[in-house]
Structure formats: structure tokens, C-alpha cells
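Naming follows writing order (A, B, C and D), and every chain is counted from residue 1.
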Amino acid sequence: MLNLNNIEVIYSDVILVLKGVSLDVMEGKIVALLGANGAGKTTALKAISGLLKTELGKVTDGNIEFGGKIIDQKSPEEIVRLGIVQVMEGRPLFEQLTVEENIKVGAYSRSDTIEIKKDMENVYQYFPILTGMRHRVSGYLSGGERQMLVMGRGLMASPKLMLLDEPSLGLSPSMVKEIFKIIELINRENNTSILLVEQNAFAALSISEHAYVMENGRIVLDGLSSKLKENEDIKEFYLGLSQVGKRKSYKEVKHYKRRKRWLS
Amino acid sequence: MRPCGVFDKSYTLDIAIIRTWQHWVILISALILLYIFPLFGSYYLISLMNSLAISVIVVLGLQIVTGYCGQISFGQAAFMAIGAFTSSILTIKLGFSFWIALPLSGIVAGAIGIIGGAPSLRIKGMYLAMATIAIHFVVIWLILHLEITGSFKGLFPPPPSLGGFEFDTDERMYYIIMTVMFIMTYAARNLSRTTVGRAFVAIRDNDLAGEVMGVNLYYYKLLAFFIACFYAGVAGSLWAHWITVVDCEQFTLIHALEYVGMLIIGGMGSIPGVFFGVLFIRILNEVVMFTSPVLAKALPWLGTSPAAALGLTAFGLAVVIFLIFEPRGLAHRWEIFKASYRLYPFAY
Amino acid sequence: MRKKCLIFLSIVLTICLSMVGFSSSSFAKEKSVVYLSLADYTGPIAGLNVPADKGTEDYIKDINAKGGVDGVKIKFIGIDTRYDVARAVSAYKRYRRTPKLLVVNSIGTGIARAVGRLLARDKRVQLTPGDGEFQAHLGSTFIWGPAYQDAFAASMDWVMDDWKSKGKSGAPVVGYLNWDNAYGREHLRGGKQYAEKLGIKMLPPEFFPPGTLKHDVYLTRLAKAGANYIHAGGIDPTPTNVIRDAYALGLTKKIQFTTGYWGPTALGLSVHAKALEGIVNYSFFLRGEDTKMNKTVTDLWKKYRGSLDKLNGVYGMGIAWGMTYVGALKIALNSVGYEKLKGVDMYKAYQGITGFERAGIQGPCAYASDSRRGSREIKIYRVKGGKIVPITGWQKTPDAVSLHKF
Amino acid sequence: MIGFLQQAITGLMIGSLYALVGVAVVLVYKSTHVVSLAHGQLVAFGALFFWLFFGGLGIPFWISLIPAFVLTALMGLLIERLALRPLIGQPLFAAFFMTFAIFIVLEGIFVLYLKGESRALPAFLPTGNIEIYGISMPINQLISFFVAILLFIALSLIFRYTKVGLGMRATAEDHRLAQSAGVNVRNIFSYIWILSAIVAAIAGIATANVMDIYYMLPYIGINGLIVAICGGLDSLPGALIVGLFLGVVENVGAGYLDPIVGGGVKDVAAYVVLLLVLLIRPYGLFGLVRIERI
């Protein structure tokens, strides 16, 4: 459904961030995108959702295809209309707006009032906590509530593809569990494809079907999540397990890292 | 960008304002040309040069507070008024000579500028800009309503004199104004490479970060206002003794806006930019002045004399065009030109 | 984009420069003298200057068309100063060394004072509005008509007459409302003393900044202090605006408003005829219906401007300036000839033009070696039925300038 | 006491006009983060356009409102498109200077058109005064006062209950976030400028109704800016309250201080208020304090 074909992204005409990234997201599937900080995961998401343009970034090579249409020159709101919603990192909210208004903004690109009402009820079903705070100003929500609100807002655009950027960041383990449960639920019930960027590789690999690993602006590894989970390197770096399942010391990791690289 | 083959072999050389002998030649010949200008320049050109130089001094001050220190000020015209009136009061009522009144009026304007700059400690950006506009009106109102400033009648300061020699014509004033302008330019140019200048730039780029790094915000912000208003005060004093009549109708908000426009067109944070900006706006003004009678004849619906209206529009449009197409001002163009000249025939 | 912009700018610049060349080369080789008008054509006093300078310009055009003054053509230059002293000074400096620049008409009290010093040094004639200080100091400045204070004093005479004719006893209370600048205060320097000598009770004067949009505060204060008459100053449309506000407050019924020379002209009348009904206006030049009766004025207006409906009384004043200038030029040319003609000669000529008649637009010229007054007569008008009609004939103004120590 | 109340009520009437201009400035700031002086000219040109149709051509009141609004809105739109949009991404004060420059450009055109004359709108509101407890109020000013209040309520309703209003509020918070939520931010900018230009035009017509179209009319924009800044720039109720307050301060100040200091208080009252507000509460009386991070 979504294909990134060898895209290259440059910020303010100088900084080359993505150096030829290709990835595919199939319809109705959850795809995970893993990688260290600064690998270019968020940039890839922004390239898809069109938000790059607001940050002086540009897709200079390759193209992004969504449902057969090339979308890399489209504006963010057009892309939303096509059915791609990005749930940004850091859970940004419209803090002066109430919870309900925040959710309503999510449906801004739609004009089918009845459907919107239905979707709104749907969102409240997914996130029952939000029902009680409908008219509260959203700036005072807690981290987990914010994450739910942000995802709920994303859902309101009735997306075919959701780009989730680190939904588990800074949440308690139980909350992370809940969030991931809901992600799966959304995927299953609405048949929404999900591209998930995560640091919590274990959780991401558990719910996703397919996964990509990025480093330094390149995709360095990809495959079925179940397979990747078994991959030694992944275990090393993302799951924090040594070959025999023991924790390794930091020193060894450094040593190993210097020695072995996937690329370059 | 250094010319090819010129290297700085010592720190002194690195921070020198004038680096090569070619610079010296250009500087000295330009100075000579400047000083012998009255011998062949027409009367009108000399008076234009005088007003240009006074504007340059005012905009230099603005460059320091806005271009270097990042504190937007629309109060320059008001502080010029303070300088002009201080100088007039000192010479007329207290019998000071012009030569003492000139720096004193700068200091008085600077001191009042510190009060005027006080809001900058709490606010910045357009809040500060609006505050300086407010200060402008309050200052002008005070001048109009105080007895000592001659109230609505204005004051008539005498032309400066030195040992019986009266600087009472534009040609004679020219030398004083040019010399003062030269000194002020040198001082401003020098300032930008000292600790103070660097502190200003730090405050401009990020005042909080600057404070964390040990720049005393209050001190340097107020210092920037003091210097800017000092410049304005000196310019005001020169203006007063050149025109020999001051009243507050000479210092309006439009003038203050014009100074800021000059700064934008010239380029923020650059001393040569000040000259470019002042020249550009003044020449534009004169061109409009000259062409408007012709235009009025060609297009009768423009009215009897559209000069003022067209002048405003031309000035505004110039600022608009520069903000869109060349936000770094003429100084930036000048740098590009210099660099390409030095590197010729290579591209870089 | 940038390139286009540069090209555009350079085209504009070349056009402008060529125009500069064109306009400077058009200084004729024929015998000509220059009349410079530093006037505000677009600011607060434009309502006065534009029609007035049109009058001068048309009159000069007419004289030139008839072959000039003894073969000498007059060049009229009007500079828009926008009520800005700095601009006026630099504009004068531009023309300071122009040969045969004899007279500078500097409109605006602040401008007159700033440029006046330069003109005195250059020994050139300066014409200026009714600022009494010049009369008191006798520089090389001549005022257009009676000084402001003289005319104000004359209006106080009328106030006393009016008060008595209404059969009221006691002293009338007069309020004064004017601009917060030099011009606005000039009337009182001498005028106040005169009024008090007559036994009029003057309220503390009210001043407001030029360009104020609403005048309710001042008007209500004066009304509350019991003013029977209010002098509304400023230059049209300011007095019109003041009276408009008074009308909205319902004050015009109780209080008689008076205005000065620059009070409601055709401009104000065309905008607020209803509010202005009944107000009194004193003037040293013909205005309103009187202007339309004056053949000189109407002929010139018809010739250059068209329909009489839009004729403004101030246009006539402009013609009077032109007439005085031509009259003085004749005297000067007779005495020294064209080649030697200088500002000083014109200065002497202006002093010697005493009693000069200007087609009845203004009283006989009162310029003399000890007088700077353009005339000493004023006429009092009243707005009736949307028209400015005279209610008195020419009256001689008292000398109020001498009552103030300048 | 009656005198004081009279002054205050007169001030309120004038203040409602300031408030309208302030509201127009706040509208633009809220969504685009541009502090605009150009609104002074929108006010003046709004009044001028209305005069052209109503006074000049003699078209009935309600019909001539339409072209006046359309033309002013077009002007607002052009300012946004041609001058401010290219500045996106540049420092905030570039946009601030830009509005100053636009103010000057339009000032030139305005002055060129008026040539120092003034234009009065034919009376379209009933004239005369109402007297309540000895306080007289001109009816036309009273009407424009209520128009201002109604307009303010209408704007608040638009903001609260319509989709576009929601989009505007969302845009005001965070441009990027709004974009990612599918709000067409550029369209919102255009709508905002149109809306605020229409508010400015209404302010212009209301102002011109009591004070004529005069060369000083655009300078009401500075008062509007003061109102907006004192109110906190992003608060509509703030603009309303401060606007009314400023009108009262000006009038009462002029009424009681003028005889003491010798006139001209009206000229500086607004600026003194601004300075005081900025010194006491730098981000306005009703504004949100933004926390700055390095």
C-alpha cells in the first residue's frame, strides 16, 4: 500500500539525512521501524506525512507511493486526506483546547458529520478514560492520557495508514502494555495499517508483522518480525540480550560495536 | 573572506580593522575626497551630505542596539530630539560652548536612554518595539509640555564657533559633521570586535543562553541602549546646531520608522550596511522628490504635489522588497560582491 | 525572481534618473524668476494649501501666458513638506542657491520659523501665515494678512457686539480650542490681553494634538465652564471636525462657535454643512459666496479648473499672493532691472507696496518698512443655509500684537 | 460624579472602536503569530471603500457593505499572500517590520487619494442623543458600541462552535501539529486575514461614522496594536476589555489631567498605559505566559 522507493532527504539544502531508504507497508499490517536515536526514523515518517516541508526538508530523490499515487510533493493536509496520519513523537496536543475539541480537530479533513459522530464514539470506546474528561482542557492530561488522546485524534481522520512515532516513550510498563494492546486492536478492527517507530523493540517486534532496522539514514536490515526477533544482532542491540541470553557488559558492547557493522 | 595571499600572522593582525596597505590607501583617499568635497560639491549636495551624515550617526546607534544587541528600538527619533534640545538648552540657557554641549547631549540622551531601555529587561521582540514607540510619544509630549525646552516655540541654538570662527554655513558645518561621523563610525566598528560587541551578539542570538554563559544581561542591554541613545543624542546636537532651530515637530514617528527602514535595507549587524541603507533611502527620497513634479504633470490625478505620498509608498515598498528578497540587506550583497571580486576569476 | 527584481529596480532607477535630467534641463534660458512654495499638500493643513497654491499657480500661469512681467516669466515651484520641518528645511536648501529665487512662501508656523532664519540670512522674502511674532520682530518675513492675534481681537469685538445686540448683560464667556502647537497658541499672545481689556471672560484655553479624531472632552469641558462663545481653531478640516463633534453633542444650539481664517472652507462645508449651520467665521480674504461674486477669481477658476461649485475661498487667497508677488516684482524690476535683481530688492519692493489693491480679494496691502501685515481688514461671515455669507463689510483689525511682549 | 460618568461613557464608546481594531489584530496574531500594524490601513481603507459605494455612488447601506467587505478582505488576503507568506520561517520581527512597511505603503496611497481632504459618511444611523440620569449618549455611537459587542460575541461563537473556528484555534496553538492533523494551515491563514480584514472594515465604518475619513484615521491602528498588546495578544476578551478601558482612560485622563498639565493628555494616555502594562505584566493583562527554553 505504501512504498518508499529509495528516497533521499536533505534538510536546508545541506544536511543529507536519509540516504536511500526503501520500505513497504502492506495493507492491514503492522510494520515496525527500529533504529538508534538519530538514525532517521522520524525523518522517514515526516517524509511520508509531508511535514518535512515545514522544516526546510526536501525529498530530493526517489519517491513515495501511497495506493498507487505519488505523494512526496503533496502538502501535509492533502496527505491526511488521502488517509495517512502521523501521530507525532512527544504527544503534542492543542493544549488550550479541550479533549473533545482535540479529537474533533482530528476529523478536520472530513466533512461527513454522521460518520464523524460515530468515529468519535468509537474513539471513546477505545480509550474509555477520555470519556470522563471530555470537557477538560487537554494541557493538564498525564502522559498516558495524552498518548491516548493523540492516537484518538489520529484515528478521527479515519486513516488507512497510521504512522506512530514512539508511542511508548516515557510511559509506565503497564501503560505501554495497554497502548500496544490498543494498537493491535485498531489494526485488527479497522484494518488500519500501522507503521510503528519504536525504541521498545521487543514490544514492537511482538505486535508487528514485518520490521525494518535503520542506521545512519539507511535501512540496514529487514524481514519478518518473528525472524528478526531471532537475529543475533537485533538481540544484541535492541533487545539487550547476549548470544546466550545473558546481559553483556557495556565495555563489551563498545568493543563489539567497533568491530562489527552491517554496512559501510 | 581574506584576499588571496593575505594571511594573518598574529592576533593583532587578525582583529585589525584595516588589514592591508590597499585598505589604507582606499581609506585615506576616501577621507581626502570627503574633506575636499565642499570645494567642488554644489550647495545642495553639501547640505544633503550633512543630513546624510547625521542620519548615519543615528542609524549607527540603532545598528548597535538592534543589529548587534537585538533589541528593537523605534525610539531613535525621540532620543535625537533629546540630544537636540539638551544641546540647545546647554548652549543658549547655560552658556556652554558647542564643543562641550556635543558630548554632553550625547551623555544626557544616553542616560535617558537607559531609562527608556529599562523595559528591555523584562520584555523583548515586538513588545519592546511597541514600548519604544510609546517612549517616543511620551518623550515628544514631555518636550512639548516642559517650559525649559521652549515648549511649542522651540529653541534657536547658535551655530558652533571656534576661536571666533563661526561654523554658520553648511560648508563649514560639513567639516564638523563629517569628523564626528568618522569618529563615531570608527568607534562603532571597533565596538563590534570587543568583549562588549561579542556580548551584544550573544544577547541578540539567544539572550537566555548568553546569560547562562555569563553575560550580564541587564548590564549589557542597558549599555546597548546607552550607546544607541548616545549616538542619537550626538546626532541630535549636530542637527540642532546645523539647522539652528529645534522644535519637536522635527522628530516624528515616521522619522523613527525611516531609521529602522534604513537599517533593514542596509543590513543588520553590519557597519557598512548603515551607510548603504542611509544612502539608499535618501537617494530614493530625492529621486521621488525630483520625479514627482514630472509624474504629476503626466498623471494629473496624482494631485498637485504627490511627492510626500509617493515618497512614503516608495520607502515602504523598498522595505517590503528587501524583507522578501534580501532580508540580510545591501551589506550582504556587498559582501558577496567583495568576495567574488577577490576570487575572480575563480568561482570560489 | 531576484534577477527580475534587480532588472525592475534598475529600470525604475534609469527612468528616474532620466527624469531628473529632464526636469533640471527644463530650467528655461529665458528670463525667469522663481517663486517657491513650501507647503503641506498631504498632511494636516493640506486642505488649506492645495487650493491656495492652485490659486497662485493659476494666477502665475495666466501672467506667463500674457507674456510675463515685463518679459520676465515666473516659475512656480511647490514642494510638499508634509508638515515636517526637517523636510521643509532640506527642501529649501535644495533651492537655496537657485538664481532669482526671490520669495519663499512657507506655510506652517513651525516651518516658517525654521526656514525663516535661513531666509533672513539669505536676505530673501518669506511669506508666512498670520504669525504675529514676525510682525513684532520684523525680519524679512511678511505675513499674508493681519496677524492671528489682530484678527482674533477683531472677532472679540464682534463677540461683544453680538452679546450686546442679543440684549444680554454681563460679560460673555469665551472658550478657546486649538491645536497643541505653535500655531494654536499664537492667537492668544496678545489676543487674550485684548479680549480681557474688552471685559470678556476668557476660559483656560484647550489644546489638542493635530489630527485628533474626536474632541468631545474639550468641548464638554468648555461647555461646562459656561462658555457662550467658542473659538474653534485648527486648519480645515479640523475646525469642521470640532464643530461636527459639538453638533453631535448638541452644543451648537447653545454656544456660538467662531472660527479663524482657516475655519470651514468649501471643503468642510461640503462634508458637514448641517453641523456648521450658524457658525461665524472671520477672514481677511473673500470666502464663500463673496468669492463667487469676485470676477477675477471666478474667471481664473473657470479658465483653469472648471465648474464653480467646487470653488474654494482659499483659492482667492492664493491669487492674492500671486498678485502681491507680481506687484512687488514690477517694482523691483523697475528699480534695478532683471540682471541685478536679488532677494534684497524684492524685500525692498515688498516694503514699498503699501496700499496695493488686489481686486478686492483682500484689503489693501499694509506691507511697509514698519509693518509686515498683508492687510488690516477682516470680514465676518456666517454659515447660512449651507453657504458662507458675509454679515459685515471690511473691518479694520485692532493691533493686538503690541499687547504681548514677544 | 455625573461628569465623571459622562466622560467614562464617552470613553467607552470610543473604546469600543479601539477594541474592534484590537480584536482584528488579535485574530491575526492568534493564528499566524504576526503582530500587525497594517490593520490601521485596513480600517482606513475599509471605511474608504464603504464611502466610495455608500457616499460616492449612493448605493443603499446594506448593499454597499458587501463590496466594502469584499474589497477590504481582498486587501487583507493580498497582504497575507504577497507580503507575509514569503516570510514564513524568518524571525518574527521580520513579519513585524513587514506590517510596518505595508502600513507605510498604504499610508502613501491613502494620503495620495485623500489629498488632505476628508470624507464624511452620509448619516446612516439615527442622530441625536439619549439622556439617562443626566448622561447624554449620541445614538449613533451607542449603536456602534453595541455593534462592537455583538461582533465580539459573534467572533467568540465562530471560534467556539464552528469547524473553521476550531481549525483556527488549532492553528493558533501549533502550525505543524495542525497540519499533521489535516488542517490546511495556509487556508486558515487566508481565512483569518479575511475575517480580520472584515472586522477592521467594520471598525473603519463605525469610526468613520463618528469621526470622518481623515488622514489620521489609519493611526487608530497603533491604538489597536496597543490594545492587543495590553490585552495579551492572543486573548479576544482581553482585547475587548482593554479596548474599552483604554477609551475610558483616554477620555477621563484628558478630562481631569489636561487642565493640570496643559493639554495633550489624550495623545499620550494610551502609550503611558502601554508602558505601565508592559512593566507590570510583560505579556499583557490577559495573555498566556509562554515559557521559554534554551
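The rule is short, and it goes like this: a contact is a pair of C-beta atoms (placed from the backbone, for glycine too) under 8 Å apart; a residue touches a chain by one contact, two chains touch by 3 or more.
On a predicted model such as this, the values are computed, not experimentally measured, just so you know.
By number of C-beta pairs in contact, B-C leads over the other of A-D and B-C. Central chain by Cα centroid: D, whose mean Cα position is closest to the mean of all protein Cα atoms.
Note: centroid distance chain A to chain D, computed from Cα atoms, is 44 Å. Taking the mean of the C-alpha atoms as each chain's centre, chain C and chain D sit 36 Å apart. Chain centres here are Cα means. That of chain A falls 54 Å from that of chain B.
For chain D, the set of residues touching two or more other chains reads 111-112, 115, 262-264, 267. With touch defined as above, chain A holds no residue shared between interfaces to two or more other chains. Contact with two or more other chains is made by residues 41-43, 50, 180 of chain C. Across the assembly, chains come into contact as A-D, B-C, B-D, C-D. Across the interface of their complex, chain C is touched by residues 42-44, 47-48, 51, 144, 152-154, 156, 168, 170, 243-245, 247, 249-250, 252, 254-255, 287, 289-295, 303-309, 321, 325-326 of chain B.
Of all residues in chain D, only 3, 6-7, 10, 14, 111-112, 114-120, 127, 129, 136, 138, 140, 207, 210-212, 214-217, 219-220, 251, 254-255, 258-259, 262-264, 266-267 touch chain C in the complex they form. Contact residues on chain C toward chain B in their complex (touch as defined above): 1-2, 5, 9, 13, 16-17, 19-20, 22-24, 39, 41-43, 50, 53-54, 57, 77-87, 89-91, 93-97, 110, 113-114, 117, 121, 180-182, 184-185. Those residues of chain A that touch chain D in the shared complex are 49-51, 54-56, 75-77, 80-81, 85-86, 88, 92, 94-97, 101, 104-109, 153, 157.
Residues 89, 163, 166-167, 169-170, 172-186, 288 of chain D are the ones that touch chain A when the two sit in their complex.
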